[in-house]
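Next come the structures, one after another.
Paired with subunit B in one complex and with subunit C in the other, subunit A is shared by the two complexes that follow.
Right, the complex of A and B next:
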């Protein structure tokens, strides 16, 4: 990468916005991803992002000024439903989730085609699915919204860090000790939904779950305590997102896929390091 | 009341399927209760009900005041989720103080001290920095026991604590439990290991799938 060129790029506000928002969003996705992965709920992130896609499509057709106004509440509702259905063992939670996520995608694409809000439907769909350049088109207001939500999520997470550990390692022990596990799970479902909706702008629907999952599994390759996993995942995602956005800006590649590619390559790096540590 | 647990006309079950009624029994302070019985007779279910994880279908299950909020040290059966969890021994043991910590974000130095003491008294202080998933079955059980003792618990509930342990580790673990019980801790444990159970228990609760096989006996 040509250093001078990149410094020139940095003088553009949209590049700085993208860097700040991108790094913060991926940071909170990674922090939330650790308990999700450890509780075997990685698929929930994937399913919710598909629900958010469907909601965004509907919001677009209904001419919402900001699609988040619809996709956020719908995704939160879906997260709460999924959290409950995961506990009642009657219908297989994973099968329900598969149906819900595919159904939401299909419904979203269907309404986008039935009532196209622009002449370029496939372009719109592609943008929603893969994020393409949307992070670079963030307005200053968008950026502050993303930054505000990300900071709030990170602070909340740090504040509840020990409770997150208790609930992730052994939920039944927490309940037997008198912890309000329903309140925690509800709060967690809401926060996960919020993070998924805001990180969709960064990498798009299809790639959101990689922001949640990859830093956590990469950190688990090398770290031997919960705290270390969280710290490594946070550093991992910040480095990968910074690198991904910089490369995308300079090379003109799509931001979301570049970040995810950086994540995956770094994951293999960590896996190799993990082998040597054993 | 000196009884920590009192059960009367208790029926347990999942959903609408109630199981056979449980014999009436009480667990007094300092008791060592063993719950034995065939698979499917509801041993684990009963333990979960005492721990507050499931609600009785009918009847009463009364706990001594304050027991439900931090007075119970629960040692559940280990699931696959825990076996490959990246947590250090210290983190796991310390989480036993969660009821004292509540929504306060971090552990106080007194709580860290308790975790250290619990690890020392169970002989796992040297493992404090080790990763939980790298431990042997017997070591893991000690860690979970230390977690339960680290909180301010008065009743220790154990669910098949010796599953997967070899004979020596099992004997070790039972003598550890006897020591803890001799120190005044009330213990209720589910086991299918009759001989070991009878050797140390003060009370044995037998659950069968048939009502006539459900009874409680007193020893010693």
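Right, the complex of A and C next:
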């Protein structure tokens, strides 16, 4: 049987859509990941993705046409609860994150088994958790929604760059200089939730934190300024996502895992380069 | 020299076997397959098959080739049998759907068919049918089963 070349795969609209959406999603995740890593909030992505999984499961059981209609508001609400819990609430931020995270995962899987929306519950769960083919099965609406949200996050990030910088390194100074830090933190929580939900379509629930974290820490190996780290993280994630999707399409490997593997391998290259640059 | 002779013999016997597949398979009449899902990588195949099952109207009239497990409701009491190919996901563990097919000609059950649950490759022209819930599903008509001896 003659093998299909990558150029032939590009003739399929859903492959082209996956490349465009995948690159944009990982770009906005990488940009968001830099301040998250620096503020030591790396696990927030993981926790919120588990909440989104639970919401998606319920949306599937309730036969929502698009599961994002439920998963997005629920994840945003969870992000706002987590933000509030870090500020003198009865349950501390990390404990609240753990509780929401595992509770939502358990509830989601329970609901999927009690009222399955397809005959292949295990396959559906695997696909959702690891993003094996999700990015290739986007509907046109899904694709435009993902692209639109990704572009909006990137544009917002560019416009708010200075504030992002201030809040990342010295929130007290930002507050003292008149910035509305509560509003900024609320907006940041909403943006993180949006990025998590759309990123799950690319790499799945369990691997989404890699899109946030790995580009940032790889960039920090070679770049020293905040601006340089952001630029390097953006380039890093675009290259790795493109490579990951292309390899997965041709080799038939799960898309999410292939992208994360490309990220990890590239991280080690960046670490080696970083040693030489010192 | 001996190696070249052995290699040539192997190539010739492979061609002969291939010709025998077509000659002995009463269903296999060569025709141009417009959408061959069997050539695709596993994940692209799963994505393409998912779209085929969800939006079969986009494939009506096209010659499509698929591969999967052979299922049959055996013919009885003068009623014709119902033949289907169950399509699996990328991991190969679970079925993501079933496509009914109507063989070309008048093949007789069971001598002209593979064993049930065998992996088969079948191509045919797509038409729409409605399942018990009224949902449109693809069906292959004038179908050929391509199988190895």
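Quick note on the criterion: the second predicted complex is superposed on the first by the 270 of 278 C-alpha atoms of A that agree within 3 Å, B and C clash if a C-alpha of one lies under 4 Å from a C-alpha of the other, contacts with A are read in each partner's own complex, and residues count from 1 in each chain.
One rule holds for everything that comes next: contacts are C-beta pairs under 8 Å (C-beta built on N, C-alpha and C of every residue); 3 or more make two chains touch, one makes a residue touch a chain.
Keep in mind that what you see is a predicted model, and the values were worked out from it rather than measured.
Once subunit A from each complex is brought into register, does subunit C clash with subunit B or fit beside it?
Fit - subunit B and subunit C, as placed by superposing on subunit A, sit side by side.
With the two complexes superposed on chain A, say which partner A:120 touches: subunit B (first), subunit C (second), both, or neither.
second
Classify the contacts of A:84 with the two partner chains as first (subunit B alone), second (subunit C alone), both, or neither.
Touch status of A:84: no partner.
Just subunit B (first), just subunit C (second), both, or neither: which does A:174 touch?
A:174: touches subunit B, not subunit C.
Is A:254 touching anything from subunit B or subunit C once the two structures are fitted on A? First, second, both or neither.
Only subunit C; A:254 stays clear of subunit B.
Quick check: superposed on A, how many Å separate the nearest Cα atoms of subunit B and subunit C?
Minimum over all C-alpha pairs: 40 Å.
Where on subunit A do the contacts from subunit B and from subunit C line up?
After superposing on chain A, no subunit A residue contacts both subunit B and subunit C.
Quick one: in the complex, what on subunit A touches subunit C?
Those residues of subunit A that touch subunit C are 1-4, 9, 12, 14-15, 119-120, 122-123, 126-127, 132-133, 136-137, 248-255.
What does subunit A use to touch subunit B in their complex?
Residues of subunit A touching subunit B: 38-40, 158-163, 165-166, 168-170, 172-179, 220, 223-229.
List the residues on subunit B that touch subunit A in their complex, please.
48, 51-53, 68-70, 72, 74, 76, 81-82, 85-88, 90-92, 95, 98-99, 101, 103, 105-107, 129-131, 134, 147, 151, 157
Tell me, which parts of subunit C touch subunit A in their complex?
Where subunit C meets subunit A, its residues are 38-48, 50-51, 89-91, 93-96.
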